[in-house]
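My questions all concern the structure below.
Naming follows writing order (A, B, C and D), and every chain is counted from residue 1.
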Amino acid sequence: MAWSRDDMVKRAAAEIRGGTIVNLGIGLPTEVANFIPPGVDVLLHSENGLLGMGPFPYDDEVDPQLINAGKQTVTAKPGASTFDSALSFAMIRGGHVDLAILGGLEVACTGDLANWTVPGKLITGMGGAMDLAAGAKRVVVLQSHVAKDGKPKLVARVTLPVTALACVHRVITELGVFDPAGDHFVCIERAAGVGDDEIMRGTGAPVVFR
Amino acid sequence: MSKVYPSVEAALDDAVLRDGMRIMSGGFGLSGNAEACIEAIARRGVKDLTIISNNCGNQGQGLAVLLKNRQVKKVICSFIGGNPDLAEQYLAGTVDVELNPQGTFAERIRAGGAGIGGFFTPTGVGTVVAEGKELRQMNGRTYVFETPLRADLAIVRAAVGDRYGNLRFHRTSRNFSPVMAMAADVTVAEVDELVEPGAIDPDDVHLPGLFVKRIVEVREHKNVIEFRTTRPRSGGVS
Amino acid sequence: MSKVYPSVEAALDDAVLRDGMRIMSGGFGLSGNAEACIEAIARRGVKDLTIISNNCGNQGQGLAVLLKNRQVKKVICSFIGGNPDLAEQYLAGTVDVELNPQGTFAERIRAGGAGIGGFFTPTGVGTVVAEGKELRQMNGRTYVFETPLRADLAIVRAAVGDRYGNLRFHRTSRNFSPVMAMAADVTVAEVDELVEPGAIDPDDVHLPGLFVKRIVEVREHKNVIEFRTTRPRSGGVS
Amino acid sequence: MAWSRDDMVKRAAAEIRGGTIVNLGIGLPTEVANFIPPGVDVLLHSENGLLGMGPFPYDDEVDPQLINAGKQTVTAKPGASTFDSALSFAMIRGGHVDLAILGGLEVACTGDLANWTVPGKLITGMGGAMDLAAGAKRVVVLQSHVAKDGKPKLVARVTLPVTALACVHRVITELGVFDPAGDHFVCIERAAGVGDDEIMRGTGAPVVFR
């Protein structure tokens, strides 16, 4: 049976190693913060200028000038630091962020990522997506395996506007965990009861099972 | 040396505001905006503005007021989601939008303020952002050339300032404000609290005063919250 | 997450130190040097080092100790006056010196830490510094292309730090240390005082901890003064 | 009679306008700080990371980590700020320093400056000289009119290694004040009793007197 959203988010949380710097993209990836095991000491980076982001504030703690990149009110943990956007993106571009967990629209087996715009839809802008995809040491994408119309989102070649080339190390979908490997994906894990057929049917590139 | 002005209207006078100018505005979404400066620009009605800001307001507020007033002809930014005014005028072709990756946006502004003629970044290579721009391979990686951004005026908000223009920002309100202050011919800062020189220890200054030309104390701010997210204090999981 | 090491010897272990490595060292002259780290490197005797530092010690002290020990093969810096050890070995041809304008030096290191592939600066155009480098005219001004600088190790001194590596510097001891910490694979910080996380307010952190890999509390420093200049407290003009 | 060193330094101090940012080079220019009129509120920039530099400290105030670019112990005035070297030179290169008063070895009437090295002499390095010369909004050079061997230091073309091209706005020597004007210098002021002849004899480029 395919993983639930919570299962996917939990699986993404398992990608996080202690002692690292992690940036969680807007949307589903933001929820990964709720599933980081208590013993794992990680510093969350928010590209609007915060390292050591804590959970949402208590009602009487809300600070309008302490927000995350999704413009939600957050807190700062002990050991946190604030800084300007030039330094924040120096961190990202300079390879100082160990892991970025991002949403995706299409991932190619070459590691190319498309996640910022869909032609014909209202444009929103790339925000920090291109910097995170190109700059983070490791990029994990959290997305559904296929689009609403059934079209594969793991593909041989991205058809949507690119966010960054050859940047994705791992994709987590409701069907399993897939690593781009050049001309194919390697399925390194799958949801219980999901068969090869179902995965291959929903994937627009060759899949090697391990 | 005193850069203190009695009001934002006085600080944003005829010597500073004019039609067709380029204005940088600090803030991330509606957080950390120079609210009083934005309102003063709206009241003055200068038009054909190029706004350089990460967002151009949101939810009809902040810089979106200038859009509603039809004062804006171009926006240079990184994100325009959640901004119906901009979406509408962009689709109608009345406002031009130049999108930058957020890190490239910040770095271009820093370059403008730091006298750098341009730089190579890996961000945007292989994307629409790099179209028509110079690419260069260095040490096995491909980079795209980006140029500096400057403006006639920057408006920023800070928590504390002194009459020399030294500023301290509160939490994530710092964002683009320091680099914008560096990259504009004139920077006007509105501060929650104006203090005596020396009240901010030299090591605690976030933005040295030479980047700020005019400073105004503005005690009241709306501090609009876009997404007020909280957790329960008791009972639930923390 | 604790980056705290019990001693500079433990922080500068075999995993970090090796012959032929590139070491960045913060400090301006003898002020703000990572004194204990320099001494540990001297004791360990690693050789063929490339030292990247504004000066390479002065008056026989600081990094000049590594020169005396013949551990240095190359120095990348901006100023070598007042350093007889370096002058002697440079003239004898045993140490190579690459001089950079100080601002270009700082900016190259920042570029190395910030993922910038290179940049154009007006500094050095028409001088020996620009020889053999790409020149480019932009907006009526000539710029020269400069490349990023990186290192295997950076050693910096700070006034206060916590176990996450967050640092605060005292007065003009900050100088090159923040950008060097960004531009090295491993940064070791020696701090006068180690405090609990949270003791430094997030807004008061000078260098966010992600740029520091190892931190050691070192309470005693020589704090050598190169030119002790004072004024009389009374009688004379102030 | 030619100006004394103190006269020259005082004349250089008269270049300083209230409300500006001024960087004083190592050596003679440093002494200009002692002659800034009390009413002139200026912030002194020291490129090692200090804006708002004050006078030398009292004996019991000396802080080994509060020095100027000449590595002398100094103080910080109320309203001072400290910062890293990248920001310090962003200030210089970005045109945020209104005036730099620098020492000189040769100044050409084109504004070219040589002040960092003499071939054959022990090399010391350019330090911040090239950035200051190229970046400050206005550059005033404080130097002797001729070298010890009598060779002019105001010349048609610099013979020593260049610090920056077309950067000098004004030269102050013991004979007077000279502005580079392309193919000649304009003498805008002179020490009392110094004649045209003396100036022309000691200058390696045409001089126009005003």
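General remarks:
Heads up, the rule we're going with is that contacts are C-beta pairs under 8 Å (C-beta built on N, C-alpha and C of every residue); 3 or more make two chains touch, one makes a residue touch a chain.
Since this is a predicted model, take the numbers as computed values, not measurements.
Interface comparison, A-B versus A-C: the higher count of C-beta contacts falls to A-B. Between the CA-based centres of chain A and chain D the separation comes to 54 Å, rounded to the whole angstrom.
Each chain gets one centre point, the mean of its Cα atoms, and the points for chain A and chain B are 27 Å apart.
A straight line joining the Cα centres of chain B and chain D is 36 Å long.
Residue numbers of chain C whose C-beta contacts span two or more other chains: 107, 110, 114-116, 121-122, 169-171, 202-203, 206. Residue numbers of chain D whose C-beta contacts span two or more other chains: 50, 76, 82-83, 89-90, 92-93, 135.
Contact between chains, per the stated criterion, is found for A-B, A-C, B-C, B-D, C-D.
Partner chain C is touched in their complex by these residues of chain B: 107, 111, 114-122, 136, 138-139, 141, 143, 147, 168-171, 202-204, 206. Of all residues in chain D, those touching chain B in their complex are 18-19, 21, 41-43, 45, 50-52, 76-83, 87, 89-97, 135. The touching residues of chain B, when paired with chain A in their complex, are 28-32, 54, 58, 77-82, 87, 90-91, 97, 99, 101-107, 109-110, 121-129, 169-179, 206, 223-233, 238. Across the interface of their complex, chain A is touched by residues 1, 110, 113-116, 162-164, 166, 182, 196-198, 200, 202-203, 205, 208-211 of chain C.
Contact residues on chain D toward chain C in their complex (touch as defined above): 46-50, 55-67, 69-74, 76, 82-86, 88-90, 92-93, 112, 122-131, 134-135, 161-165.
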